[in-house]
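Two complexes come next, and they have one chain in common, chain A, joined by chain B in the first and chain C in the second.
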Partner chain A sequence: MTDLSHHSQVWTYRTPRKRLFIWLGWLALVALFVWCWQIMTETTIWMFVTDAPRQAADMGGRMLPPRWAYLPELMQPLWDTINIATLGTIGGVIMAVPVAFLAARNTSPSVTFLRPVALFIIVASRSINSLIWALLLVAIIGPGLLAGIIAIALRSIGFVGKLLYEAIEETDKRQIEAITATGASQAQILSYGIVPQIMPAFWGISVFRWDINIRESAILGLVGAGGIGLKLNASLAVLAWNQVAVILLLILGTVIVSEWVSAKVRHAII
Partner chain B sequence: MSTAYPDTWHRPPQIIPNRRWRIAIQTGIVIYLILAISTIEVNWSRVYEGLERGQRFVMGFLQPDFTSRWKDISQGLIESLTMTLTSTVVGVAISVPIGIGAARNLVPRPVYMICRSIIAVSRSLQEIIVAIFLVAMFGFGPFAGFLTLSFATIGFIAKLLADDIEEIDATQAEAIRATGASWLQLVDYAVKPQIMPRLIGLSLYRLDINFRESAVIGIVGAGGIGATLNTAIDRYEYDSAGAILLIVIVIVMVAEYSSSYLRKFLQ
Partner chain C sequence: MLRLIGLSKTYKTGDTALSDVSIDVARGQLVGLIGPSGAGESTLIRCINRLVEPSAGQVMLGDTDLAQLGTADLRRQRRRIGMIFQEYALVERLTVMENVLSGRLGYVPFWRSWLRRYPPADIRRAYELLDRVGLMQHADKRADALSGGQRQRVGIARALAQEPELLLVDEPTASLDPKTSRQIMRLLTEICEERNLPAIVNIHDVPLAQQFMQRIIGLRAGRVVFDGPPAELTETALTTIYGAEDWNAMRQGDEEQAEAQADAKRRLEQVPA
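Moving on, here comes the complex of A and B:
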């Protein structure tokens, strides 16, 4: 006869101690949230916040109807935007490939020296948004398409480099070994053993990044780096909200088309 | 009787096997590149002048000046960090119900369509553009930035969460349902345990992204370190700008490593 009556009759998922810890965790999170909220809203002018619905209605009224006559003027900037994205992607990919080969553990010539450098390049490029790169480059080389292209290229290095080096590290060892066994040189191993394996990933990543770059290049003009963002900035500056509406719809359309193209291409490759 | 074997080998093309298509696409690309590059107008004398400034910027990066603008920098950083945390918490809190509503295996079709369209709207609008509108509506400062980041978080977390819920192990849900559980109990006992680690991972990842974005939306007036950076560059104070960028890079790196460590620890 075993006596089980001292056990709880109700099944619970966790032990009391665990539950206590989880509650403490939530409490800490809530406390942190409240504290941060208080610091953040110290300088907020609540009159503007409560006023927001009226402002929104006002803005909506000004945006409608969109001024479609503005559309022909936007074609040249749109072409510029697409060029910024495409040329920037090409430039970024060209710079990212060597970085990826240096960062991948199985192809890096020196794991102790060059690999950390390559990883730092990837992290630095990823942590600075293309808009900030554009801000710097406009200050350095002047406003225009070139600043936008370089900004997009610099931002793309990190993204393409990271995904590509992971793809290189995941290559099938046996194929590389087979090529090595034929007496191939290092360059031949790269060309016949590794490149064919990462080619689909490479094109997929590049097209994916191109799609993201179309979105990003649309707003680079806000800091003067060319493209449709310049028109957006100009329209915002004169409070021409009906032109802003046209520009935003055009950007939205372009983004949807580019997403569709990139999905099709990636589907065809992979 | 010898058959003539070829003594050379050409690697077959991988991406586009059809020769005609390949040539057509290659010429297309060349024509596009010529057209695109010809439309870039570069003012080389301006670039040449700028090189000196670029050099100063690199020098500023190498000898960052943390002290002379420290008050502005710390103010911007505090705004950015508080904005990041509050917007992630609020964004995740809102996106959990939306994410559950956007999972096809849990809700009726109309709810699914509504939640998926909320996600689509939030994902297709760029943070900067949202920020422009919210700054116009709510005034300058971190509150507009907080709203922007919360809005962007909803699209990101809700979509990934919904996709995860759709992929849960259906047998577990069925077992709970067989006990006669209500819909809420089903979510609590069958869905929650399966997606909780992933949700925490996604939230940490989004925290990281929100900090990065908070450095950008300041450019259009939504508060945070981006505003400080913009001012520093406008004043040509490259040593302060370098200091700000270094701080951003370091915080992003720390966030990335600690969040990947935490995610590994939680799984």
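Moving on, here comes the complex of A and C:
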């Protein structure tokens, strides 16, 4: 016990130098914030901002009470929206699976050529928002559900493809080695060594993407790609705020249900 | 049966795992490969069925040089070689039966394996093997629901489903407790005897190798430094394989463990029942 006194009682987590750097870092961050705030507020018309609570209350007042009589008219567009999301997801997943196998380092037939091509497809799909895909497709194939479905499918390829190829790369090599050692062909190695290992990821990703697509397809109507967004657009155009309120509540309800379904399914698989 | 001639393997990193290994294995012979970690035992086993590509040398299985084969021929030849792995390497999310039937993949066309429509003869053989390794009632369980010893039995059944002429066994007991290790080694040796199967067993446990193997090959830094029956595996031989320091440390470790076990047993006996 006595030899404890030989040792220092002082121990610090960081050296003084490090502490100084961290302090300077925070200072720089605060300075940056102040500077940005000034630029941001330069063009703000403060009268509008101070007026905001009153405007919001006014809009809220026009929304209330929601025009529930409008609800039956929304059922068909809602059904369209769900169909856009579901069919779009299925289409996207079907296209994403081969892309994922081409992009994964351990299954790609050509790492130097096909893998970059597959990665490019994934990045291209992910970099363009569904709404923009829909804008382009409405211009190409005309307004309607089909444009929405294809827009959702194209946007989903990147998301599903990226997560799936990461799952493929994370598979256990020993299981694949064991299947290879039996004299299995390449296709059999895929179906016995890799597919069983990525099945939980596959279903989890697909259902998750479907859940996201329900939300995204609700607004595609804004650009003419069908679904409940068309009704939203129409109601906004005539300032029928009590109808807008009904539509927003309906979308909220649908999203909650889809989220619940997707959570249930993912829980059941894992 | 199996003849390795001048087998060498140098990895891309420049590490030499095997240099000029020549071994003959006769039908029905059980060969234990021992050596310090990284001495090349694992590489040697994998060079035989070309999970690792040998850099030089011949791998003669019967009259075929496996080292020269193209992809399709290699697949056909791999069917003749069953492999059993450290940590089992079962496809965890498939059932026990699917894992055993996967030993037939080299024999059935893709559509059969995809639809799980195996020929009746294959299914009967799979059931026979499950019965032999004592897992009949677990056939439809998922592989990840089994214990370590049971999984290794599935691994053995999968290798035997290939109707192999040679078994390659990579540290079959590395992740099992001592009792289960012995049971698995006993099962392996019995099965090899029944079928007159030769086996090359990469094994880290020297006493276990001495107990169950007919012939021991010691590797050190990718070279064969000992080849003989277990009885000839003397202190001097073990020192050559493991190096003086490591071997003494290992032996001391064993002694300490034996002492600790004896001590624990004495204490247990003193406790009034």
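Operating definition for what follows: the second predicted complex is superposed on the first by the 246 of 270 C-alpha atoms of A that agree within 3 Å, B and C clash if a C-alpha of one lies under 4 Å from a C-alpha of the other, contacts with A are read in each partner's own complex, and residues count from 1 in each chain.
By definition in this document, a contact is a pair of C-beta atoms (placed from the backbone, for glycine too) under 8 Å apart; a residue touches a chain by one contact, two chains touch by 3 or more.
Since we're looking at a predicted model, the values are computed, not measured.
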**OP:** Report clash or fit for the pair chain B and chain C bound to chain A in the combined superposed model.
**Re:** clash
**OP:** Once the structures are superposed on A, label A:A234 by its partner contacts, choosing first (chain B), second (chain C), both or neither.
**Re:** neither
**OP:** Answer with first, second, both or neither: which of chain B and chain C does A:A181 touch in the superposed model?
**Re:** second
Subject >> Touching partner for A:L71 - first (chain B), second (chain C), both, neither >> reply: neither
**OP:** Have a look and say if chain B or chain C is in touch with more residues of chain A.
**Re:** B
**OP:** Return first, second, both or neither, reflecting whether A:L87 touches chain B, chain C, both chains, or no partner chain.
**Re:** first
Original post:
What is the contact status of A:P196 with respect to chain B (first) and chain C (second): first, second, both, or neither?
Top reply: both
**OP:** From the options 4-12, 148-156, 184-192 or 238-246, pick the one stretch of chain B whose C-alpha atoms clash with chain C.
**Re:** 4-12
Original post:
Which parts of chain A are in contact with chain B and also with chain C?
Top reply: 192, 196, 199-200
Original post:
Of all residues in chain A, which touch chain C in the complex?
Top reply: 172, 174-175, 177-185, 187-188, 191-193, 196-197, 199-200
Subject >> Complex contact set, residues of chain C against chain A >> reply: 49, 51, 75-79, 81, 83, 85, 87, 89-94, 98, 102-107, 110, 113-114, 155, 158, 162, 168
**OP:** Provide the residue numbers of chain B that touch chain A in the complex, in ascending order.
**Re:** 11, 14-15, 32, 36-37, 39-43, 46-47, 50-51, 53-54, 57, 78-79, 81-83, 85-86, 89, 124-126, 128-129, 132-133, 136-139, 141-143, 146, 193, 212-213, 215-216, 219-220, 226, 229-230, 233, 236, 241, 245, 248-249, 252-253, 256
**OP:** Mind listing the chain A positions that touch chain B in their complex?
**Re:** 13, 29, 32-33, 36-37, 39-41, 43-45, 48-49, 52, 55-56, 59, 79-80, 83, 86-87, 123-124, 126-129, 131-132, 135-136, 139-142, 144-146, 149, 192, 196, 199-200, 203, 215, 218-219, 222-223, 236, 248, 251-252, 255-256, 269
